[in-house]
Amino acid sequence: MAGNSFGKLFKLTTFGESHGMALGGVIDGCPSGITLDLDAIQTEMNRRKPGQSAIVTQRKEPDEVKFLSGIFEGKTTGTSIGFIIENSNQKSHDYSHIKDSFRPSHADYVYEKKYGIRDYRGGGRSSARETACRVVAGAIAKQVLKGIEFHAFTSSVGDIFMEKPYQDIDFSAIESNIVRCPDTETADKMISKIKEIRKAGDTIGGTVTCVIKNVPLGLGEPVFDKLHAELGKAMLSINAVKGFEYGSGFCGAKMKGSEHNDLYNTDGTTKTNLSGGIQGGISNGMDIYFRVAFKPVATIMQTQDTIDKAGNSVKMDGKGRHDPCVVPRAVPIVEAMAALVIADYLLLDKVYQ
Amino acid sequence: MAGNSFGKLFKLTTFGESHGMALGGVIDGCPSGITLDLDAIQTEMNRRKPGQSAIVTQRKEPDEVKFLSGIFEGKTTGTSIGFIIENSNQKSHDYSHIKDSFRPSHADYVYEKKYGIRDYRGGGRSSARETACRVVAGAIAKQVLKGIEFHAFTSSVGDIFMEKPYQDIDFSAIESNIVRCPDTETADKMISKIKEIRKAGDTIGGTVTCVIKNVPLGLGEPVFDKLHAELGKAMLSINAVKGFEYGSGFCGAKMKGSEHNDLYNTDGTTKTNLSGGIQGGISNGMDIYFRVAFKPVATIMQTQDTIDKAGNSVKMDGKGRHDPCVVPRAVPIVEAMAALVIADYLLLDKVYQ
Amino acid sequence: MAGNSFGKLFKLTTFGESHGMALGGVIDGCPSGITLDLDAIQTEMNRRKPGQSAIVTQRKEPDEVKFLSGIFEGKTTGTSIGFIIENSNQKSHDYSHIKDSFRPSHADYVYEKKYGIRDYRGGGRSSARETACRVVAGAIAKQVLKGIEFHAFTSSVGDIFMEKPYQDIDFSAIESNIVRCPDTETADKMISKIKEIRKAGDTIGGTVTCVIKNVPLGLGEPVFDKLHAELGKAMLSINAVKGFEYGSGFCGAKMKGSEHNDLYNTDGTTKTNLSGGIQGGISNGMDIYFRVAFKPVATIMQTQDTIDKAGNSVKMDGKGRHDPCVVPRAVPIVEAMAALVIADYLLLDKVYQ
Amino acid sequence: MAGNSFGKLFKLTTFGESHGMALGGVIDGCPSGITLDLDAIQTEMNRRKPGQSAIVTQRKEPDEVKFLSGIFEGKTTGTSIGFIIENSNQKSHDYSHIKDSFRPSHADYVYEKKYGIRDYRGGGRSSARETACRVVAGAIAKQVLKGIEFHAFTSSVGDIFMEKPYQDIDFSAIESNIVRCPDTETADKMISKIKEIRKAGDTIGGTVTCVIKNVPLGLGEPVFDKLHAELGKAMLSINAVKGFEYGSGFCGAKMKGSEHNDLYNTDGTTKTNLSGGIQGGISNGMDIYFRVAFKPVATIMQTQDTIDKAGNSVKMDGKGRHDPCVVPRAVPIVEAMAALVIADYLLLDKVYQ
């Protein structure tokens, strides 16, 4: 396997399986002299961790980060930051049912075929538990990016949408409810929906929208490494993501140029922001916003038909404790990946100033 | 600027401005011993080139590729392939109106601020003319990938959608009309729409869908470099793209797990394909399909308010010959970028076999 | 800091300071299905570890590797392999003398200036303790490269040289003495020399030669990434290395073409091997050999003049337990780095076959 | 083939065969706003080009660079700089004698085996003609690095050495003679030696030393990407190079720590400079110097035994016009590669300031 690294200058490399001894990573390229707020990092971890509310998986993992290097007397030294997150909960499950059979719409089958071997326990490396390491690195990136704000939130669950334009949203309300939708009324509907879906042993998809404020003008490289292209890749690399759009997105494809163009104010800001804060792949100083589509979790608490290694049809029952909807826990992951992208481009931009 | 390279093992690096002497590129990592069909490469170029039909820009560029290295007696030698495309048409235009003013929703303003200098003629490096080099490399990638089929087509123009499921499409009809929509009736509507839009001096957005057939199981790297993440980045790096979705995409975010899961046949194929041919970031042998959203072209033949370098409000008239809708010419570009991604992952997959 | 990764396809990323909690690393790109011999890995670690003999530092560190991921039921799974080596000995030293002063010919001064902060304990990240992680990864690379033999040995200490041509060396004698020179008589002289130097509170330089047997023809990329260029970089990245030569090396620069050319046998092997097993940057199937120069260890048990942070002249006494000559412990590090390079190129070569 | 790119932030990608239509390259990452001195670039090209004096190959190539992009009104724009060098002389030779046979100590044999096909004319991609592109990029890098001086010179030819310490050399004398040795007396001996060797139809090796002045403190990344490691790789990637040493080099391996350590002055400079301007992989503000060993050119004007593709023994006569000693023309190539390395690290260093 390749591809366990993300970023060019602010680079994260990760390792770890769902039920191995530990997950962890290395952050290479973090500037020196930054006083790290370890509590703020743990706060981000807690937003992602299982067992945090009634609408997420009831598995319990403390998800505590242990930093092994790169920090001295509370400050980053500029050397690589190694960290681990121990798996405390890894022995309690029974995975014999997926040892020899493939869960539908999971990675079991392709791992088996590609590698000839897989750590089947909890999905191994394909488990979304891998994203814990992204949140650690993203939390550090946020501290590098002081002043830049990342506001991700749940913008839909199933067919329940929050319809407000991003400019009208009170971001301080995001953490006021367990589904992380800043519109309380819509949040209540979403929570009810997820509870109902869980009761039926089913799961449901949703979307996360992210608004990034105070990004300086000039981030992004115009040809293959456009800022939104890297943001798109970052989001699409998160488990269960099926789509990404920024600014006007797929709606923009229905519009006319005369409607879509963002006209300039004399200070260089734009009167509208259908561009989503990025023009020609470079940030223009306006708010960046994008939307990410998550499919419904593949593990359902129902009996499904599937096949085993020998190619026999078998019945598989849903087992274990799983999220009925991945979106509430995905919110901090989306922010983390966005922070990694912005940190990487901010450092790159310094090269040419 | 960084970011003029794409791919890790089958790597394209490009250069060139819209109105400079030439555009060109280097393909590094092409396997040796491949007999190149130069006509097939030119055919792809012709599908992208301006002036090809009544609904695209009427500019004339022959877009002929000149190969300078890496090919000996008709075969690739394994060394880097250098090529150029001369700009024959570069002196005929008058760009004084954009020398000191910024076209709305173009990259003029951010280039000026980021680099402090810009080749304003025809948009310089930010011109979609840059994609000609991608088509050259993509055409070679297709020849490396013999047997794998890339079928991109126009799936919507404005609010005119082709609604057929991808399985029912006759791909041989794509080139039967100038808008590149395989459903003739819909194609006619799209063509009329584009003509009407052009007459109004306006532009319109649209979407391109791409189906890739015969991709072997196992391509993709499961964590950050998931196959669909790299496809997404590739598409988002194309000028004017605002969104990317694969498989069930944004629709999948409204669905339940019990509806969305793709159940296996005993041969490992799946009964449905909402996964879009990729599970856990790895191709599963089913058809890969995805959809790309293009915004309306920013240059319209109307007078717009904008600002000049000094921050003064100015009026700007649309000038030159531009596409009323980018989608028909984007079809071969989408295929080219898809071919580059698949070639890169196919080579990478050989490493671990 | 950047640059904590080595390799493109078989990639090692490391972290860790001399006196932090742990060192460790991530190996990305190791093929799946390899049954790892963990004892063989520890054996390599023991060849490098402090305290192993009378002529190396008397510090005690068990240097035990703990694998955290990427291995399942004894086999590599193809996912990234995370590992740590805990620092058991880190609290016992007093480093106050180097907290505010700079050891001559160490990295203290440049770290302070470049990063504005440094973990001064034991040299922090600049400590040769960092190479322990390289040995772990190299030991795994060797297992990936079954059949390819790496024979590094001490070829000189100060002005005591082992003069034999590499073809006449009995590699099985390397581990028969503590200085790792396969010629017993010369080894005795080297050992006496090192003991004498240590007694004087001084240190001494030396060279390591490495012979790699059974490398298949075809490894290496001909232009910037020539096989010997990457080997050279690998060796020069090891602490205290001042030079690298392969094949005829600096002696070759005194020769005539008619003396230097390696003539072919009809089977494609060459009658002589001044090329050092590499032609045009590509392995030719002959033995690869190269020589690496190590400077004398900078920490001496004598009083030296130096400066403190404020720029005052100060006296500094040598403290702690240090190697009088780095070469005996460098032997396994040279092998490890060579194995990493060969593994990387072997995987890359598979791409184009 | 991979590996046709060099550098991370100031990145050169090259293409081209000795006798193809053209060689060329792309420079990605050059900062914007630099007024390029095109004459200075051509001057560097002229120092490398064939036919420049009585002691180099008498082939004639104008080696004129044509820039295709990235420069606007005389200044770099920050976009990728594409350039080509046309091969004017490519049709005049007869290469039938090497079409089916392998020149000893050339890359013919390994190319044939690795790629299954080769452009045999003039060595194809393995020809040192490839280095012309490096000189173009290096000349631009020098202009980016204004104030940093690169002084490479011939320090030995065969067994004729220039023995002066680098501090005593008058660099302005380098270009005063055709062998590029700044000591006139030694230069005369070298020139006589080369003429004598040529008369005998033979070739001879030599060394190039390079001194870099005014490098700011702080360039280099301390672990795998040490500044001297990358310099070493850069030099070893040049055709015919067999060894690299910096600072005390191989001599340092014979020394004692008490002799070798560079003691500090109170301003942070060092009293001696055996470190060669680099400590712990990071420039310390002192002069950087290193030495590069070149083997004798493999093509000699004598009859040699070799083999053909079928494995038959054949006689091969030396043909064509070749350098009797590569060193005089290697001087600007060494400088160019050094400039590329320093430019890359200078840009990287800006990231963390």
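Which chain is which? They are A, B, C and D, in the order written, and residues in each are numbered from 1.
The rule is short, and it goes like this: contacts are C-beta pairs under 8 Å (C-beta built on N, C-alpha and C of every residue); 3 or more make two chains touch, one makes a residue touch a chain.
Which protein is which chain? UniProt says A, B, C, D = Chorismate synthase.
None of the values given here were measured: they were computed from a predicted structure.
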B-C compared against B-D, more contacting pairs: B-D
Chain separated most widely from chain B, comparing mean CA positions: C
Distance between the centres, which are taken as Cα means, of chain B and chain A, whole angstrom: 27
Geometric centre distance via CA averages, chain D-chain B, whole Å: 39
Separation of chain B from chain C, taking each centre as the mean of its C-alpha atoms, in whole Å: 46
Residues within chain D bordering two or more other chains: 1-5, 9, 14, 29, 32, 78-80, 114-115, 125, 222-223, 348, 351-352
Of all residues in chain C, those that touch chain B in their complex: 9, 29, 31-32, 78-80, 222-223, 347-348, 350-353
Complex contact set, residues of chain A against chain C: 1-5, 9, 11, 13-17, 20-26, 28-29, 32-33, 66-70, 72, 75, 77-82, 84, 114-119, 124-125
Residues of chain B that touch chain A when the two form their complex: 1-6, 14, 102, 104-107, 109-111, 113-115, 125-126, 130, 156, 158-159, 197, 202-207, 217-218, 221-226, 228-230, 232-234, 236-237, 242-250, 252-268, 270, 274-276, 279-284, 293-300, 302, 304-307, 311-313, 348-349, 351-352
